[in-house]
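Below, chain A partners chain B and then partners chain C, in two separate complexes.
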Partner chain A sequence: MANKGQLWETRPLEFWARAKELRAGWQQSIESKEQVVGQGNILAIADWSRAFPDVTLVEDNPAGSMIASQSSPFARKCRLASEIRGWGREICGYQNTCWGSQFLGYQVDGSPFPERRFVVPLPCLCDQHTKRGQQVRDYEPVPQWMMDQCVYLGPRDEAREEAMIEHRAFSMLRQINDIERLFGQQFDDEKFHDLLTAYSLVDQYSRDISVFMANTKPTPLSIKDYYSVYTLGSLTKIDPDDAVNFWKLVRDEVAWRAENQIAAVGNERFRWIEAHPPSWHFLKYYRYMEQYGAVCLGSQYAHRVTAGCLERKPDGTLDRRNMLYYPKDTPLVTREDGVRICLTPDVRYPHHHKMDEFIRHHALVEFADIFQADGALLAGWRCGVGCTLTRKEQAMRLRKAGYSVMFYEGSQPGDRTDLDEKRFLEQLDTWMETQGLEKYAE
Partner chain B sequence: MDYKALIANRRSYAMDWKARTGGKVLGYFDPYFPEELAYAAGMLPVRMMAEREPDTLSAKWIYSSCYPVKAFTNQFLLGRFDYMDALVHVEGCNWMYNAFEVAMNHDPALLTHFLFVPEHTDAPTSRDVLRSELNVFKGKLEEWTGKAVSVEALDYAIEVYNTNRKLLRKLYELRRFYHTPILGSEAMGVMLANQLMDKAEMNLLLADYIRELEAREPAGDRVRLMLLGSETWSTDLEEMVESLGANIVIDDLDNGASYCWNEIIPLEDRLMAIALRYLGRPHSALRDNNWRRRPQRIFELSEDFMIDGVLIAKQIYCHPHGLDNYAIWKLLRERGIPFHYFERDLSLPAEETKLRLKAFLHTIKPGLTRLMGWHQPLNLEV
Partner chain C sequence: MLTAGIDIGVENVKAVILKDGAIVGRGKGRSGGVGRNAAAEAALAGALQEAGAASADLSGTVATGKGKYDLLFADKQVTEATAAARAAKHLYPDATCVMSLGADETLVLTFNAKDKIGQAVLNEKCAAGLGSFLRKMAMLLELTPDEMSALPPVAPGGATVNDGCVVFAELDALSLLNQSVSSREIASALTDAAAIRACTVLNDITIPMLDCVVLLGGLTRNHAFVQALQTRSGVDFTIPSEAEYAGALGAALVASDH
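Take a look at the complex of A and B:
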């Protein structure tokens, strides 16, 4: 769309069609009767479930968010179904909505809710993530396997991590071995090892995209566009080869756009960052902000899901932060070798995007600096404890560092109940006006 | 025992304790905090109490969160916890982490530590993780106090805490009698006071108190209730229930029954013994996730304590309980146990809550116990 004040050329994204195909394929896979569909939240460098011939993992975040986006009446019905069964009304919308759909027995399109035959709750700092998978087992007697997201504050302490590493490796090995035993499926260790390589490529491509977004003015990709595809290969589990090819496709297109100054927003003049997820049902605000020439570059959350956290290197380049991985020549022979590599030697992986703010207080300020932001828009998610922790202090730090910060409130990224959309847009108007910006076009 | 005075005077008690012993006071919140270790290091572990007070400060530092956490933050910033030298956060409640972080950043002189306790409590490796974490914490305590924590000190602390748990269990056993000599408000008051005091001193008070209770005339008929839900910080609810002719005879609160239900079984490896006690305790809603023992435990308690109904009082924004309710409600419904669920914060809206409780008590028919012939005709003024 050519707004007034157009400074750069814009073009539609060509990878869009492929993204839609992959997304449709994923939906089919979780509804397939041939597959053992499990509720599984994998936070490791590879989705090990792909090494089973017929196991598909599905998560509740995207399901809950999509319901909220697609149909407000159905989302309300789902939440009501949860609440009358005891779920707190202030529980994260991802879960309230997704499990409400399970209670009702059908999805937004009226098709049956995909039955989960086992559950691996997400090992996470967030209370709600940890507890939420349990719902599957509370609902009907299916096997459940736990794993811990180990946490501590301060610099890395290898001695402290020893027992934690063993604990995590044991938990993951047990999951794999038990699934083999209970569902009669052979885990393909060779395929598992290949998966580790494939996912490292996805990681690399998506990191390249983050670097292009951070370094290039105008940014070749806005976070609105990025969010449309960013779960493919991670939260939305697809074939690893498809994931690698898709992310290469995206990376190449973004690289070309960056090189040729093809902008995501043709009138970019204000760049802002966020912290943690946006209101998935109201992504419209990103487009609304384009009227001011304002573009969002995302959050640590957005760039963490597929890419490594970035840092500015001494030579001025941007690259993955020095995170711990096993050396490339680490023997990869047994299943246990694969599991350990998959989990990385850093027990606090892969939650750096959440823990960052606990361990390194300047994390969000650093992120704003890396993405050359002018301001930050922070959400207060009343029902999303993991999304909201430390947010007020982060705002103070950002302000102190010279960034303009605006807050808005809602119940949770996957729940539209309490987000006053009109008020939110008016707040954005005020924010932009305080930055001396006026709308280019209505 | 004047538990109300003990709770009200907790600051002066802690200050006095410091003056007498020269030790440091350590604040904690999470039910999985290994008090024995701090006690063995010569510190006084004190559970932080959320107290209702006009909240003028927390909103600047914390967004959302449950009211106890807001209250902690407000109280901390107002200097109400000025007697605490150290603050330890146990990985668990996220909202509480935020309060911990504000405290940590606000007062750099405060000694702080983050202790990881596995949420996957039942793996064979969970115990090694917690033992390792306890060892790290022990090192931190030694650094804070400047002296080593000896095996003898650990044994003494374990003995004191085990005695404390035995005495508290005895208190609960007295509540099991159909005509119990103790009201729920008294029992909860004692539990709260207990978590503020030096256990060696508290054990003496408790032993006297139990003797006094054993000699006390049992109370008359009351509807017997169980209390579930988020932790409590006052005895307001228990007192209200009692004013309506009922009595809370058992609970499954983190700072109630679950606090004292299991003891440390001595082992050569003291830290492992402590780790096993905490991993084997009746789990909080947050940590009851792998073997899922909480619903069954609640059912067993409901039978053991011959309850007529259940109250579930959840703090607003308490996510672990908001997520655990489904399984608990399902169990109670399946077993035909009447229950009443309501949300609260630190305050308890008097008239509204009373009205709801009255309505609930009207629906309860304590017929089960009556049929068993244990009781006289009821004449409840509800």
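Take a look at the complex of A and C:
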């Protein structure tokens, strides 16, 4: 395929077909009536719920985003349904859209909203994530398990982190026991350990993909395409073997593209990073930027969800930032071992983009450096995700480091109400022109 | 060589005819909402008349401003940032920064060592439409543009309005009216609030680029606002006599480049 001003060869991604199959399978799985469907937000290595024979956890992030993307009128109905129950506009749009659909009683396609039988809200202190469970429970008094989000500031303290893991491990073990007791489901420890092993492979493949994107000019994969698949195996939960095979497929194709200089955007001449998920209903701005030869390498959010955060090692290579894994070098034998490993990455993200107000300032500059970016496009969200906190300070540091920065504003990535799409594109025009770039002629 | 630049903004359209780097004709009018193309043609006709030229004499016409893509006869469009930067550097080669204040948008640009644009900062939505806001408030308070421009600064202990959101500011103004506060005092408070919003854009510039800040745009005609902005920002702005026509001038200069 030829782009205007083409500099490199580009080709369609071959893993698309498999991604679509997996996505369709996920949709089918969450509509199953046979399973105990819970609303859960799991920021852990593995989807531990799969160790139960008949439990499915559904995340509201992708559900809310899909509604916003598929139907603006329905998304507005959902928001209104949530707002009239007292959930204000400052509540994360993922929730208000998803749970507004629950309050309405039907989904965007008119089918009944699936019943949730328990809630495990996202343990995240960044904003209103912890309210998610309450919104479900407003509808029906289902069991809810909360997890503390332990954080601290300052230099790394491994003893403190171990204590934090222990605290959370206790909570998670209790959740597992309660689900066993309440729903008559037996947690399969062997399967749980297999899940952890499988997801460590997914982790490795996704790390490789991030490294290829960072190191290779032109980038073999743009974030626009990556966003379309990056939740498979994490936020959109699929069979672990399928997840491993799929991520290997993606890794191998990206590796081949990198080796053969097959570009994601054939006219790449400007690389930018973000710090946030984008407005999911308006991903076309990525295509719009391709007219300038600009390609997005992704956000801390995206690469953290998949690969963790990268850092440059003393030998010059890129690899995942060192993290404390607890218990160190202990074989995976008991359920407790698995739970601790499962929770470790969530205790203190090594490069946390949300919580550590000191790290996050520097992290974005380092992220831009690692991904060889020319600039950064930062979102000013009105609510949700929480990452807008300190965004202005991050911009100041980026500018000081020589990166050009442009802002845009909206409600929240899963909520389309406040994003002025025309103004957003005009701002992108201004950004590109001030970088000396013009659109390639039609 | 004659070139034309047209700045078609949310409220006004300005046209400039340029000959050898000097403005030889100006035209101006309301931008006309849906009739922007006709409004631009009229402004251009006025500028051509002043220049004693005809449209056939033009070797290029470049449009800028919010309505730039509504013009059917422009050869090229450039963003407001490009036009403002071009005009500022033309008028003040030593400029380190430009602040452009229009009816709709507030824009701040810095120049790097190569005289190219370094940083570009646009207003957030909360600081959008400052020019339009002040015009509407003047109508509400039954003050003319000249009266708005001649307002005194906010007196110590005087009336204030919300400076975070123009909707709240308007509600505060209505509340003050109900308390029998004078129109002029309320207008001063509104002007000061608008200046504070504009400062939020300027505040994003971290590098010491404020040595020679050129102030452009229609709001420069409002002296009370400019005074409030200088007080609030601590910046001593350089304001050219062509400030209101700077967008059109920049566009005409781009036309000359091509």
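To be clear about the criterion, the second predicted complex is superposed on the first by the 417 of 442 C-alpha atoms of A that agree within 3 Å, B and C clash if a C-alpha of one lies under 4 Å from a C-alpha of the other, contacts with A are read in each partner's own complex, and residues count from 1 in each chain.
One rule holds for everything that comes next: contacts are C-beta pairs under 8 Å (C-beta built on N, C-alpha and C of every residue); 3 or more make two chains touch, one makes a residue touch a chain.
Quick caveat: nothing in here was measured; it's all calculated off a predicted structure.
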item: Combined model on chain A: chain C and chain B, fit or clash; value: fit
item: Which of chain B and chain C A:Q175 touches, first, second, both or neither; value: neither
item: Which of chain B and chain C A:E433 touches, first, second, both or neither; value: second
item: Included angle at chain A between vectors to chain C and chain B, based on C-alpha centres and rounded to the nearest 10 degrees; value: 70
item: Contacts of A:G380 with chain B and chain C, given as first, second, both or neither; value: both
item: Touched partner set for A:T417, first chain B, second chain C, both or neither; value: neither
item: Partner chain in contact with A:K392 - chain B first, chain C second, else both or neither; value: both
item: First, second, both or neither for A:N61, with chain B first and chain C second; value: neither
item: Partner chain(s) touched by A:N267 [first = chain B, second = chain C, both, neither]; value: neither
item: Of chain B and chain C, the chain that contacts the larger number of chain A residues; value: B
item: Chain B versus chain C as contact partner of A:T344, first or second or both or neither; value: neither
item: Closest Cα approach, chain C to chain B, once both complexes are overlaid on chain A (Å); value: 5
item: Doubly contacted residues of chain A, that is, touched by chain B and again by chain C; value: 380, 392, 407
item: Chain A to chain C touching residues, read off their complex; value: 380, 392, 395-396, 399-400, 404-407, 409, 418, 420, 426-427, 429-431, 433-436
item: Contacting residues of chain C [partner chain A, same complex]; value: 66, 78-82, 85, 107, 109, 116-120, 122, 124-125, 204, 206-207
item: Chain B residues touching chain A - in the complex, by the definition given at the top; value: 60-65, 91-95, 97-98, 101-102, 105, 114, 116, 118-120, 122-126, 128-129, 131-133, 136, 285-286, 289-290, 292, 314, 316-330, 341
item: Touching residues on chain A, where the partner in the complex is chain B; value: 82, 85-92, 95, 121, 123, 125-128, 130-132, 134-135, 137-139, 144, 146-148, 150-154, 157, 160, 162-164, 166-167, 170-171, 174, 358, 361, 380-383, 385-386, 388-393, 407
